[in-house]
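In the two assemblies presented below, chain A is common to both, partnered first by chain B and then by chain C.
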Partner chain A sequence: MVSRRNAILAAGSVTVAGAAAVALSRSGPEHAMAGPGDAVEFYGAHQAGITTPAQDRLHFVAFDVITDDRAKLVQMLRDWTAAAARMTAGRDAGLLGAVEGQPEAPPDDTGEALGLPPSALTITVGFGPSLFAKFGLADRKPKAMADLPRFPGDTIKPEISGGDLCIQACANDPQVAVHAVRNLARIGFGVVSVRYSQLGFGRTSSTSTAQATPRNLMGFKDGTRNLKLEDGAELLDKHLWVQPDDGPQWMVGGSYLVSRRIRMIIETWDRTPLAEQETIFGRTKGEGAPMGKAKEFDEPDLSLMPEEAHVRLAHPSSNGDARLLRRGYNFVDGSDGLGRLDAGLFFLAYQRDPHKQFVPVQRSLARADVLNEYIRHTSSGLWAVPPGVKGPEDFWGSALFA
Partner chain B sequence: MRRYVVAVALLGLAACSKDPVATPGASGPITVKASDTSCQVERTENGAGTVTFAVKNEGTKVTEFYVYAAGDRVMGEMENITPGLTRELKVELPAGTYETACKPGMIGKGIRGAFRVTGSAAPLTADAKMAAATESYQRYVKTQSETLLVKTQEFVDAVKAGNVAKAKELFPIARTYWERIEPVAEIFGDLDPKIDGRAEVIEEGMAFTGFHKIEQDLWETGDISKSGPLADQLMVDIKEIVTKANAEKLSPLQLANGAKELLDEVASGKITGEEDRYSHTDLWDFAANVQGSQAAVQALRPVLEERSPTLVTDLDAAFAKVESTLGKHRKGDGWKLHTELSQTELKELTDVINALAEPISKVAAVVAG
Partner chain C sequence: MVSRRNAILAAGSVTVAGAAAVALSRSGPEHAMAGPGDAVEFYGAHQAGITTPAQDRLHFVAFDVITDDRAKLVQMLRDWTAAAARMTAGRDAGLLGAVEGQPEAPPDDTGEALGLPPSALTITVGFGPSLFAKFGLADRKPKAMADLPRFPGDTIKPEISGGDLCIQACANDPQVAVHAVRNLARIGFGVVSVRYSQLGFGRTSSTSTAQATPRNLMGFKDGTRNLKLEDGAELLDKHLWVQPDDGPQWMVGGSYLVSRRIRMIIETWDRTPLAEQETIFGRTKGEGAPMGKAKEFDEPDLSLMPEEAHVRLAHPSSNGDARLLRRGYNFVDGSDGLGRLDAGLFFLAYQRDPHKQFVPVQRSLARADVLNEYIRHTSSGLWAVPPGVKGPEDFWGSALFA
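So, the complex of A and B:
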């Protein structure tokens, strides 16, 4: 009998050995990951997939709601939550599964994840600004969900921007992430319709000190100064999680996500001299050390960098102490018909208030960053990511729709 | 499109497929006077049994006449009643309440009237309901295929007469009757590609023939001077498939799968504009596929209502949503061309088809029990 449950049991010994070999030094708090194939706890005060150590793969999808029936939307959120709880535990999307239902009926799971371990799958849901214009939710719209301003140089395409709902599925196996999105989209037929989606293949940030800092497609380490799981409750409460005084109540324990598809003109970047590349970033390319320093994690001295260096412009001290939890992924969506790779960074950043964090940082970058010559922001999304699902009776957005 | 059809065993119905018909109907046909704005049915009550309607089209538009059971399940229908013509429709009606409908211009829900059939008829057993579904769909295939013959002949005649404009006008109309009963047609694997094959699905050693080859001649070159033999062959093939289709009894499970496959056709071939790539008349086929799917589901309705009333409610709502969304693209007596629809409009159609296809995919399991 092929079933994911059995496969997990069989894989158990392997992942234990794997975890031991990796020898993670920290036993992390909620949503921490033991081994790359293991399951991440779905239930909790916050949604998984934010401080969870960033997995290797992403499938992000934005939906439009196509029904006027509020009860249908709520039922779908319940169904989504139940399916997500199962899939993140490495089980089939439906109760019957991919191969154990009635032969005359289409299976309630699509089957491509049969035999695969949970792969640290996390499924994180967010609500877009346009949702609050529907279903009588206007008075529940958080102030933080006010539209992002237009930034200089923005080339945003409306058809791959915005949306009523989003799902961020992250896993260490791309097939597991795609399986999650595919099954949730199927459950949503008639209620929501896919607006756009994005695959990402390499994390560009580390969200845990147990992880090495990865590189973006420009070849530089990205997210050295990222907010991380181990930063402790005080820092995370200050920068990441919505607090009771922030309001609205239904968002307390949640966070705001900004998504930006940033196309990189990598061909011209690759022709740029090394010294110029390092000056533009403000870090060395090999070690990732701040200019004038020796090691990656050395405290940057901004005065040693040109005023328009990327690191300097983005640094908290240049932006009223604004910090972000970045969780972006590299992407290559084939080529662009002009012989260039359609490549870049799908930027994802979580924060307590985008208008005090992402907006000032992006304002400084958009105004002065020399990197702008090599990048184009082509998609933009702002999402209210509600707090975690408390248990099997709870569902995503239960407090919003209460 | 050619599709491999899995033979599905009849659900042990053969022994108990007798219609529970009671007394013979009242004597004489019931006259129906159909105009462009009215539908006068001489009597609105009759005894159970075979009821005959004589439908006279006194209007200026081609009309259709239907007898519906609850939920618009077609008990009998007469298509293509041209102005001035009188045609007879015989329908087997057990006791119950029905609706009659004339459809001047062949569109919309038609001009409805109540119709009551009295007499004693034993309630259908589960098996009898299954058998009734098969018979109900057989009636549908019969009326559709009769009109398919007529309309294909008209199309073939126009092609052979070299009348490009007339042939172009008739092409999507003839196809409507074909697309409605495609689940039956597809059972005959060798005929389907000859009649409806598209350039890319024709196998090696096989000629590109049928509707789409003539479509290519009509729209791409406008030269049909050599299309006569193609048109003759199309008529021969259509006649053969109609004979075979009427001899075929689809099991309830085949009906359920047919209803789903018709929507798959819409999703994969019509929304993309692949089906009628030269004429862009895909929306005619789209509407016909949905109507055919609905006919198959309606034939199963008594079974579904008993076993899964919530599914019936979902299906009704989803069919209504498809109908209203598609209805936005009406143009005269027909439809807009595929090329006249924006990407947003095509996406909206995709969404409503997906919303319908998911509950329809559950019908087979309910039927199989």
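So, the complex of A and C:
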């Protein structure tokens, strides 16, 4: 396990981010399971933080670009990439101390993760629809980035929706995830401004068969039938990664992320009888077995469930074989001023084409799901997540801005 | 390690909370260090969650009492105590399934912690000043619960301050802490209402010499010279626990908690040179050594520091030997609408008398601390934390309501 250096780099002892990153590059299965404190490989064909076994904690942030200068934005993406390569390897974002000749320069790292292990940190970047209206990028906007429709019951707040750029930082130590977001925000000073930010304290999905299925705040196991790392290239190419025929070329090997902040009215849910809760989900609460079956991973028999059961409505066979790689997190954002906890699920789902995957599934759910009585979608985002960074000379979005 | 049962209790298989709790009672040093997933003893002379080695995660919640019925409040405190004894032992708050004859009753446990270990969960209860204005408790209000003064620079928001009751839930798994608060709120339905709630993602203090000193979001080690479990009975009796001569009798063995939400203007801090940051704190950033010394735990020489250095202003020798047991947590509550993260320190400090300890220290800091340029106190609470629950027949506040 690589440890963050625990001393201040003195003036002059500059480490070259690229060289350090190369030295750390490892062969082996991309983004595979490791210890909870270990480093996850940053470089690869796909960005880490998608099929990477879901880490325990999330810090997600959306930014607005506040400059008109395309060169400044590109330079920031280069700087972000270099800092992310360092931080995911368990290093600092930059120097803690002053650089020779610049004693008044602020530190290049904010310091709160000193001494902490890499903690499986991944930093995943996405581009929002509004970015393509700027910087002459209009003709590069993917068709898949067409606006999501308004779904019945949506209560989306614009101020915590959309954005030009997003960062999904996941780690097994929340201090490491917060440190990553905060340092990227610091590097982006004058170029981007934080639009909204969401902490997730506990994962609600597994993205690897090596992980136990966690529970959402309704008390149910979530994402039992999620797309997973072990599903293999054929299935992941079909459902997850943008293929050459899909276009545009700069997105090949990338994926599309839908983010939805789903507030749960947990106080009402908590006054619902168990049998009713289980009928609404279509699974048992304790074991998580599909209705009429015994075990969590038993194949669901949809004919044994009410037509409005959540599992039935969301099942691929009800939605043209649409599958998602879900990577959501439980959140509690204080209380709502009405005596209730402001809690729920920050839903994150990756897919090859949101209009063929998330949209039909969410249409089914929004129309008929009995769960809607207990949830409110309050934030929505759609993000083009470009392919992985190929090596130290490459950077996030290099093909988009080429 | 005790594991939460992972199956639904069928109708009729009622477990008696008290009996289960007794069976789990263990001898040995109270609230001592154990594995991160283990259970912490609930019963004792003092409440757990004070000298207990600080767990990694926090969910703090303040409640308003919404009933005039004293008997209902006392019954809720009894029910809370029984549920807390179960949950801290790694059990559910109650039955997940229906009770025989009441198939429509909602579950007594919300389910999201099923299968998770105890995770060192502690649940600590405090009574706010406003509670003593109700239920005929005025003559039982401790002198130490006199209102805190307004400090220079305070920007306290009333809606996230005060409250009749508080719960501090700490655990090494945030899902376990959130589950505890949520189930106590559920049990309190109709009696109390959530006033505000605060998640803390990372501890900023050690309360045991067995723990490494963590870092706050300014990147500095915090609480190096904190009161700790190992300081021994004499020192803890002097600074932490209410003594028989202090009165009132119902508080003997208890302590007073001051809660302050301290927003940090981290974006401004991040543009301050390292040398200036270190001068402001009076410690080095990397090692955490007092100015002019080499190692974190070296005795500070205050004469080597500027008069306004944070460490010097807060030092016991500057404040009539006032010491605190600090148990604060880093937080990020999204962003502030101005492009900045809403981040900082949720300060929690236990003491024998806040007017002789927190107040003089905070007066020194509020008057002269250069750190004030970078922080805002936005929430304030003062809590009488009663002594521990003696056994299954006892409950939180039994002596207050006797």
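Brief remarks follow.
Definition applied: the second predicted complex is superposed on the first by the 364 of 402 C-alpha atoms of A that agree within 3 Å, B and C clash if a C-alpha of one lies under 4 Å from a C-alpha of the other, contacts with A are read in each partner's own complex, and residues count from 1 in each chain.
The rule is simple: a residue touches a chain if its C-beta (ideal position, glycine included) is under 8 Å from a C-beta of that chain, and two chains touch if they have at least 3 such contacts.
Note that the structure is predicted; figures quoted are calculated from it, not measured.
For chain A, the partner touching the most residues, choosing from chain B and chain C, is C.
When the two structures are aligned on the shared chain, A:217 is found in touch with chain C, with no touch to chain B.
Once the two complexes are overlaid on the shared chain, A:46 sits clear of chain B and of chain C alike.
In the superposition on chain A, A:96 contacts chain C only, with no contact to chain B. Of the two partner chains placed by the overlay, only chain C lies in contact with A:107; chain B stays clear of it. When the shared chain is aligned, chain B comes close enough to touch A:190, but chain C does not. Legend: residue contacts after superposition of the two complexes on their common chain; A:312 is shown touching neither chain B nor chain C. In the three-chain superposition model, chain A touches both chain B and chain C at residues 66, 104-106, 186, 189, 193.
By the touch rule above, chain A contacts chain B in their complex via residues 66, 101-102, 104-106, 186, 189-191, 193.
Those residues of chain B lying in contact with chain A across their complex are 253, 256, 318, 347, 350-351, 354-358, 361-362, 364-365, 367-368. On the chain C side of its complex with chain A, the touching residues are 6-8, 57, 59, 61, 64, 66, 96-98, 103-107, 109-115, 159-160, 173-175, 178, 181-182, 185-186, 189, 193-199, 201-202, 212, 214-220, 266-267, 270-275, 277, 284-287, 330, 332-335, 337, 339-343.
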